[in-house]
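What follows is a pair of complexes built around chain A, which joins chain B in one and chain C in the other.
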Partner chain A sequence: MAISATAASAGLGSPGGVPGVSSPSKGTRLNIGTGFLGAVIGYLVGHWLGNFIASGYQAVQGSGANNVAIVLALALGALGWLTGMGVLSYPIAKLLGHDAPEERPEAGWGRYLRFTLDHKVVGVQYMVGVLLFFFTGGLFAMALRTELLSPTVHLFDPNRYIEIVSEHGTIMMMMATSLVLGPLGNFLVPLMIGSRRMALPRVEATSFWIFISGLMVILTAPALGGFQTGWTGYAPLQTQSNLGMDSYLVGFVVIGTGMILGGFNMVVTIINYRAPGMRWSRLPIFAWSMLATGSILATATPVLAVGLYMGLLDRTVRTANFVNSHGGNAFLWENLFWFFGHPEVYIMALPGFGIAAELLPVFTRKPLFAYRVGAAGMIGVALLSYFVWQHHLFQSGINPDMRPLFMLTTELISIPTGFIYLVGMGTLWRARIRLELPMLFVLALYFNFLIGGLTGVFLSDVPVNVTVHGSFFVLAHFHYTIMGGLVFAFFGGLYYWLPRITGSMMNETLGKIHFWMMFIFFNFTFFPLFIVGLLGMPRRVFEYAPRLQTLNDIATISSYLLGFSFVIFTINFVWSQFISPKPAPPNPWQSRGLEWMMPNPLPFHNFSRIPVILSDPYRYGEPDALPVADFGSEELRPETAGMAVDAAGQPIEKGDA
Partner chain B sequence: MARRQSSSPDAVSNKTHTARLMGMWVPLMVVTELVFWFVLQPHIPPGRQSDSAQGQQFDITVLSMIATPVFELVIMYFIYSLLVWRHPKGAPLVDGPPIRSNMKIQTAWMVITSAMVFGAFVFGTYELVVPAGAGGGEGPNPIWKPSGKVLPVQVIAQQWRFTYRYPTLGGFETSQLVIPNHTEIAFHVTSLDVVHNFWAYQLGVKADANPQSDNVAYTHTNQVGRFTVRCAELCGIWHGAMYNYGHVVPRAQFSSWATSTKARLASNTKNLPPFSYAGYVPSANGAAGSFYSPQDKFGPLETYGAATPTS
Partner chain C sequence: MGKGARLGLVLALFVAAFGLVTYAVVAYVVPKPPVIDFAAGHSAGTPVDLHLQVVGSLGYGPHPTYVSYLTMNPSGKWVHTTRWDLPANTQVNVTIDQYDSGSPLRNQYFGGVTGTLGGKATLNGKSFTVLNANNGAGVGHTFTMPALGVSVPLWGVSSTAKNACNQAAPCPSSAAHEVVKFSFMTPGSQSVGHTYRWQCFVPCGLATVDGNGGPMQAIGYMGGFMTVEG
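Showing the complex of A and B:
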């Protein structure tokens, strides 16, 4: 929504317009353009300021490269972006004691390019944002696979190669934290729990624009010489690395702030904004997964932020927190990083489980099997995730006597993780399985995650970890869990919920080609890498034993075809959502989910009156089951609900609900 | 579960479905286990050049023998479900039986997965503790040590190469890694700059190299031959090129190599800093391994003074 500063818009609507609809003068509307302008101004001011206050602080004597200037430039650039987008207008106005400008409902395309408070708009913004992130990171992945086509002939110099590895890893990890919670969580959770909005719409929208600024900051790294540490950013290599490292440190702080806000908002919403009757035992399993994910996001990320801040101090004002020779300790970073890093792994696994468990009952026409066990499993994974981080450091020499304990906690986590298989296999028993497109992705998740999960047991075993730690085996393992699990679930979720989100179906034939290419070539890309790792190839190397070339080439060529499957997805997405949209029926999958009970397109405030929830959404096969909710006597059509309608047929309400 | 329809899949009882699945899975599982134990085991990395390598080979085999049947059972179940319980495309929508839970199955599932997890934990701990850390880095004060005589070798990692120092043989430092066969070796891994990792692949040894810190890994050599040493922790631009080869040689050959190398490097050895397990500080002026320019007037060298050798 635009932030209008006109007096009229603060009250009863501007003259001449539909009551309640804002039409502020063009000059006051902040959007993505003013955001970019703010970012550039912020960057330049920060750079000047850094050079002004710390002219002698140079990364390498006489090089003119000044970490203070770059850090301030990136930080103020991000701040400038947020200011330019209008994210800060409301808090600033409040701080200065003014009447806060009010964000008004708005129709049209412009709202997607602005700071908009509607959770449905933010969901779509996130969807485009994560896809941008994902495809950017994917291009980096194909570049580094290309380098690995040959063990001896090199496409990139070693520095460029490590930059690409680091960019790929960091972008993908940043993206994956919000891949599902951002678009699907923000869009669907209010619809699923019977709410008109997220609890804190301003926080929600802020988290998205911070997310985008994080991507922009990390993309400045190549221009600053890249960084050589990979996404793990190990110190003291971090301290030694060139200016691109500042992009990593600042970028992760920025996006981490967005992650904390987004996760916090999700938890608050699910706890406080459930409709009457939406007991915990009726909460959709996807909302349970969002609750677990949100709570980890909000509580684990601050630990990373602390580590990043210390790293920034090391690089700018020489505090030597992580430099042993000056009283610091390199282990400190490893602990801080992985204390966040391992919960983050579950941030990237739980949403996938949530989507799979949410879709299964719809395509099997059966209740979700062992619903309580599934929900308890998600909470169990979230809790246990804080007690496993040292399994990344089994060979590091830190706390070696604690290795059996961390082996135990790591293996324990496979019990609640296994619940997702109990839920899935129980639901399939005697089911009426419909192999629709989203169901294919769910089944693929079960296949891929099984391989990812079982190889995790090898990694958790300390003696076996001696061989597989730091090798391509690890890489294949976590790609099987994150890409094989989360990314497959995300695309399954998109095919399933896009008719709800945009009102248009995706093309099924193109979707099936996308699925089969993605599934087959995902496995051909990453399965050989297990073997490559077992045969002794460490991660992040540009040279390897010539005997491993065939396996590496299979992976590389498959990765191109895997990449091509996303081209097909993009063509399908653009064609069937924008060029030739095929209107979807209100409930194309005959789901019992509350989110499908509303007309298409969705009314602005979702529910004209808050429904009373009568049962959980999984009561398939129960002839005398109550409907999922009581919507009151009126249909949810905007016209019958007495809501204002604008020229585009979009319902309008005054103010915020 | 009630038989809701007389059509074929629904007419089949739960017991029959279970029996069919078991009938397919059990023979497959038996074959898999036999193949892993008798056929694949000798070929599983990292080989048998040392005790720790052989231990890892055994552990990987055992875990594979646990994981593969689980994989087979789950995948078989999914394939079976899709074949038997698939709803014909285009047929009118019918709901399945409303099975919401089954306490017996849920309890059995939890008991079995918990038993497997605790089994894996006990097995892993035994395999870690008994063979003196299984070749992994145990930090500066290992509690799981081999009995008997041990040959210490200090592994010094730096960007982007490894050197090796033999403290009990006169303290010479060389870029060749030669160790005797049938001997207990203690690798004391340290770094001069950033975090590296000493991965002697065929020996089944892996330990992070941390600056100013000792990370000990034990192994017992069993076969003569060459082994690969690679850095397994990202250490900067040339991380991918940071590898060399070590050799396990017969004891007599090792003695003669050590004697000749000691003599050859005598003039170098006397210029090396005093030997210390606590780390390796080649110079106190920050010329090697400092992250801040020695001339930097704002740097820690200027602020806190020069780092001193720890021995």
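Showing the complex of A and C:
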């Protein structure tokens, strides 16, 4: 670790600006409106080009389906969107030999609708983006549950049902990869490690606008006839599916590119942009989780991208990568997909645990128990995640002799996962817990993940896996880990950090109603699904045995109430953050985290002088602990950040004052 | 921006988003093949005649190459649909004109007749309970309604037939075809409002892997719904 304390040597150029950033006059600025225009133009050009190229193909004539036209339309539409947003302005200017002026800080709502290099604005953009797509995916889930209210009264036909399943799954999985790293990672990590920005601000902003374009592409699928493969996109169904499959393949390639960029940027930032004194042993545990997550994103996603590209070639230029009868191998897709797909599970699990471990010391007023074990556990999970993917293929043609090996590696990963879990339990042990709103979500995570994790251990065993494969048991398991873990942690993190992000508190009463409804009805929605799964109800099928109707109805009605809890959150969010904001105290939770030690609102470059880190942020209740950092200037000392301090400048605990 | 203006902006955005979502949902969900109502004006205790045909390729629409069922409506016109309303607790006399070719079955189970009145059906007037698909033209399709246990194999038209139907649906009765007849009972009044899915269970999805896909379960083609009315 050798980071200079000066702005210039930290790669920041002259104070007050980020070098090489275009800042045209206000009237000519590209924004979301020009982005949409670019997307429409790109789509039309791509469609015309595809028809020009391929309308004479034998496979296209009379079929009513020109995959070349749709793939080009979607790809150029995404490119047009990025061009219209101004993502390509800088590289194009450099290619043409022009210099671009520095970006200046700007205020107002307009900056949230533009390509901007301020990591705090990108964080907020991500926050709104992931919420919009989370709720969109949730509406699809409601539709599915409505269909399952009755085994004999149908809202959809079988194809429409599986299309909605596919759309729901794909949107949620795409969104969940960025749910924490996008908004909270980009906003908080520079603040937590004492940096003025992410390492590659343009890459960071690009990853967000790619994320949006990828999700917009996947939302075109229903208009193109949908796709019937579920989120896994298995070949050979992939090869023969409707035009909507092109939306899946192009959308996932696009969003995968954003995931690679976002993950890479996060890793580079944490390694290279830590402030002086920010040793690995002082790195906030949330930053450790972002490091592990970013590593997986940057290294696992390219494998998926290659698979998607091969699938696109099969559907457009008639290669046969995944077509067995022509010399290809559909099983190859399953391997490529899950080689990404299982590490992706940890992309979705680790950030949740990062948030939980970060919040626990604040609300228990104790140091984080076994901090190094927790950090090692996160890196251990990230490494082991590459050695377990074949457990998804126990029934798909894997050599039976290999199944014990992958059963073992899958069970092995429960060890570092257990480390992380026990760090939480150890911190809770004999703690004086403050049951404030964010803490409720953290505790819920540990409850939910216990159920999700234990059922995961069962699922890793070949005999159980073979028995319940493809059933609602599996569905309930991964909803308990992803929604019960990641999503609960995300909302806990939002309630915790929103005062830092926006400067406004959320309404606590509405927040608690949101929490209790979400917690209770999440469990009432998904726990019965373990039972119906064990009783033999398959996933992705719109009919089921009439004897399972009661349990399904409990799940469906609970899912409506679960959905209503998010309505309450949205009302609270919009009201308290936009319509009638209530200013937050500078450090409402009395945290020792570096991100809370700055004035409100945050300065454009975060720190006027790079702080020198003196200790880790978890030394609650330790009378001899050093302050977290030396800021070197009065305006950034803890007392000016709203914390009560003792004579040594040490923050005083609420109960100690 | 004042508080009232912010509130107005949020409400306007909400209304716009709600309208967009509603439009998308309605546009996505509603388009379906039409429903033919055999229950309206039905006299209790009298059977309902259901006349269907199976064509090798529909010849029009978004999937012109799909194999498909068609239904004759009460006024005697062929309609491209597979959705019917039928009265509860009623005998349904089904006639299927099968214009598509056949082949041996992968699963001989689907050569048997189940769930019909008397456990039998007729092929061109001759009663049968099972068809041997390994002989002759073989079985082209089935009419199978799993929840009622009804399944009847449809014998295929010979591939050497001189006057095979080669026009867009519906096929004329002068074209080569096989006639399969059978009867089944709709469920009682306790099932009013329930919808029963039916479909062909012989892999018949041309150009899909092993025939398991495409039209095979597509509503309006080789799959459909029967809704029981009071």
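One rule holds in what follows: the second predicted complex is superposed on the first by the 598 of 657 C-alpha atoms of A that agree within 3 Å, B and C clash if a C-alpha of one lies under 4 Å from a C-alpha of the other, contacts with A are read in each partner's own complex, and residues count from 1 in each chain.
Criterion: a contact is a pair of C-beta atoms (placed from the backbone, for glycine too) under 8 Å apart; a residue touches a chain by one contact, two chains touch by 3 or more.
This structure is a prediction, so every number in the text was calculated from the model and none was measured.
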item	value
Clash or fit (per the criteria above) of chain B with chain C on chain A	clash
Partner chain in contact with A:156 - chain B first, chain C second, else both or neither	second
First, second, both or neither for A:512, with chain B first and chain C second	neither
Chain B versus chain C as contact partner of A:237, first or second or both or neither	both
First (chain B), second (chain C), both or neither touched by A:222	second
Which of chain B and chain C A:202 touches, first, second, both or neither	neither
When both partners are placed on the shared chain, which of chain B and chain C touches more of chain A	B
Which of chain B and chain C A:139 touches, first, second, both or neither	second
First (chain B), second (chain C), both or neither touched by A:539	first
First, second, both or neither for A:580, with chain B first and chain C second	second
Residues of chain A that lie at the interface with chain B and also at the interface with chain C	158-159, 228, 236-237, 239-240, 543
Complex contacts: residues of chain C adjacent to chain A	3, 6-7, 10, 21, 24-25, 28-29, 32, 62-65, 147, 191, 193-197, 207-209, 213-214, 217-219, 223, 225
Sites on chain A touched by chain C in the complex	62-64, 139, 143, 150, 152-160, 222, 228, 236-237, 239-240, 543, 574, 578-580
In the complex with chain B, residue positions of chain A that touch it	56-58, 60-61, 158-159, 161-162, 228-230, 232, 234, 236-237, 239-241, 317-318, 320, 323-327, 330-331, 334, 364-373, 393-401, 403-404, 407-408, 411-412, 414-415, 418, 421-422, 425-426, 428-435, 443, 446-447, 450-451, 454-455, 457-458, 460-467, 469-471, 534-536, 538-545, 590, 618-622
Footprint of chain A on chain B - complex, ascending	1, 9-10, 14, 17, 44-46, 52, 55-56, 59-60, 63, 66-67, 70-71, 74-75, 77-78, 81-82, 85-87, 89, 93-102, 105-106, 109-110, 113-114, 117, 120-121, 123-125, 127-129, 131, 133-140, 142-143, 189, 193-195, 197, 199, 201, 204-208, 210-215, 228, 230-241, 281, 286, 289-293, 295-300, 303-304, 307
